[in-house]
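Input: one structure, supplied below.
The chains carry the letters A, B, C, D, E and F, assigned in the order they are written, with residues numbered from 1 in each.
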Amino acid sequence: MLHTVNKSSFESASLKICLGLAKSGSDILLIEDGVYGALAGTIHATMLAEATSAVSVYALGPDLKARGLPEDRLISGIKVVGYDGFVELACANDKVQSWL
Amino acid sequence: MLHTVNKSSFESASLKICLGLAKSGSDILLIEDGVYGALAGTIHATMLAEATSAVSVYALGPDLKARGLPEDRLISGIKVVGYDGFVELACANDKVQSWL
Amino acid sequence: MSETKKFMYINRRPPYGTVYPLEGLEVVLIGAAFEQDVCMAFISDGVFQLKQGQDTIESGMKNFSPTYRALGDYEVTRIYVERESLEERGLTEADLMPLTWEDEDDDWAEKPSIQIVSRTQLSDLLEEQDVVFNF
Amino acid sequence: MSETKKFMYINRRPPYGTVYPLEGLEVVLIGAAFEQDVCMAFISDGVFQLKQGQDTIESGMKNFSPTYRALGDYEVTRIYVERESLEERGLTEADLMPLTWEDEDDDWAEKPSIQIVSRTQLSDLLEEQDVVFNF
Amino acid sequence: MKLAVMVNEGPYTHQASDTAYNFIVAALAAGHEIFRVFFYHDGVNNGTRLSTPPQDDRHIVNRWSELSKAHDLDLVVCVAAAQRRGIVDPDEAKRNGKDSDNIAPGFRISGLGQLIEAGIQADRLLVFGD
Amino acid sequence: MKLAVMVNEGPYTHQASDTAYNFIVAALAAGHEIFRVFFYHDGVNNGTRLSTPPQDDRHIVNRWSELSKAHDLDLVVCVAAAQRRGIVDPDEAKRNGKDSDNIAPGFRISGLGQLIEAGIQADRLLVFGD
């Protein structure tokens, strides 16, 4: 199952709620303002860093670039994908849940 | 100065940000989904209850009623006002800041 | 359309502040005509949608809470409410509107639709679905 | 309109996810023509609006970040950024676009517009204003 | 007192438009003057006459039009925000080569300067949004 | 694969409409079928032909119309959500006594059943919103 999160973890509970319900083995894709959750060194980074042992976390590259977030600033273990990778993740998983 | 907060404290950082910037003696009015912040016995109730010693906290009655929140469920010290009270608060303070 | 899929409608937002809960409910009611395997989940601030005693007269908005009581007639009989979300908000099941459905296989006995489930149970239920809507 | 009022534009949202930052900036630029006493504050996710290196080509949106560099020409010379908001997000001043203005009273010397202030200082500044906009 | 109001969200989708309306009604009842209501961001969507809400619900657009008529309210829709979102009056339709317009009675389209002016002229500015 | 997409926010105001568009372009490039794009909530505002964004910005409505034409995309605007927000086609205008319509080329107005059907028929449903 693919979960997408499109809100900043600093302003919204979406990422936290997603992590609370995502099962081990799930894929999580951060898009739009959700990509701020991928930043290393923030007060929320531990929450996501700890989750990466149980789930695979991805961040949408075009949204990182729009916001000026280079890959070397991300929590280690987060994979960056493009829209094509987003499509692949949607197809590879049996369903997609958008945490808006 | 009157601060208004219209978001649920469970979903949004608005109330926390407002409390972080509101000076002692300010008025804070909870409106729309912000009125959930007035509920007693929640995981966030302490944050607002502690603030009531420094700031005056109000909640909009029509928004409480719409959401089925009776006054006896609110954090003690929170005053309930109607739209007329909202107007009075706006006029009694030198300016209004909406934390959206 | 002979397939039957498992549909879950997740409700995560409080009522009235936005139109999402009301328009979400409209999807559930229309969807009922398609005879799929349907359930609803109320989590986070979505649990406030089921709060008893909503009265919108003073705010001038439309009180759509009575519509939840009609869900049983639309054969939406499984309504999951996350226990942790209730607790975080200082609510108990007694704060919620009693929602029921009539079981035609049991002499039309009236049965409760709301099931309080843990976050772990809800996570399992979510995994079983084919299609998930989020309002 | 002979009065001069103190206007503060508070920016609390990240760029691109919503149009508020872009449309908020349009208000500031138009407002500059009214010769009021203007400042901007960037708090919470609003600090991300000033992040260096924004590149929207792949996402197809309009990159409006160069507009911040024009603020000095519009005589918006006081841009407050909350230190705590930067720290919570793992950012430092070096992550922000350098914004400057030219001081005509000082032989057009180029001076920095951004001032990093504490939450307490910002709270004091907020209290001094006459009109506060929030985008 | 002289009050100005800014509405930043469309009707129905967010409660902002309802709260602004109820606030203004209460302010008028208390004898205050409403200097202007400025619609920005999605707030411009309050100004379309093509809205037809369900009959058992409030008609937000008509409510604004009627309040404007009853109290001579100045309802200003921001032109830049309106162009993005497709709210046009006959002049704007002509200027942008559109074959129809959709502005509701009582609303007028103007620039952001009207908002700044409201901030300067009014004793208080209240912002309703999301 | 057969994909269905739901768009719940209007153009510009939220990025949802951009992300949905970019996702669909990538899915088509990868050879997938787009069963339907369903516009709900403020998403219905993607379907107004009266939008005129600044010239240096993308034209979101036209982009949808052009993609629909190029790939025979089924762009469905929910009738109930559209009535609340003032998005109408000629039929709806007549039915609701409106003097004009504003639907953009390539979009059609229909009921929520089209969304449920998309959920049933498509292999995946993707929701973009706020």
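We adopt the following convention: a residue touches a chain if its C-beta (ideal position, glycine included) is under 8 Å from a C-beta of that chain, and two chains touch if they have at least 3 such contacts.
Please read these numbers as outputs of a predicted model, since none were measured by experiment.
Shared contact partners of chain B and chain E, listed by label: C, D.
The leading chain pair by number of C-beta pairs in contact is E-F.
Although chain E and chain F share one sequence, what matters here is the overlap of their interface residues, and that overlap exceeds half of the numbers used. Comparing mean CA positions across the assembly, the chain most remote from chain F is B.
With centres defined by CA atoms alone, the chain at the far end from chain A is E.
Chain centres here are Cα means. That of chain A falls 28 Å from that of chain D. Our note on geometry: chain A versus chain E, Cα centroid distance of 38 Å, whole angstroms. In chain C, the residues that reach two or more other chains under the touch definition are 16-19, 44, 59, 61, 131-132, 134. Counting partner chains per residue, chain F shows two or more touched chains at residues 12-13, 15, 22, 41, 54, 80, 84, 125, 127, 129-130.
Of all residues in chain B, those touching 2 or more other chains are 6, 10-11, 13, 32-33, 62, 82, 95-96, 98, 100, listed in ascending order. Applying the touch definition to every pair of chains gives A-B, A-C, A-D, A-F, B-C, B-D, B-E, C-E, C-F, D-E, D-F, E-F. Chain E makes touch with chain B in their complex at residues 1, 3, 8, 15-16, 19, 22-23, 25-27, 29-30, 32, 123-130. Residues of chain B that touch chain A in their complex: 10-13.
Against chain E, the residues of chain F that register as touching in their complex are 10-13, 41-42, 45, 48-54, 61, 80, 83-88, 93, 96, 98, 100-102. Of all residues in chain C, those touching chain A in their complex are 10, 12, 43-44, 84, 119, 122-124, 126-127, 129-132, 134.
Only residues 13-18, 44-45, 48, 51-59, 61, 63, 65, 88-90 of chain D touch chain A when the two sit together in their complex.
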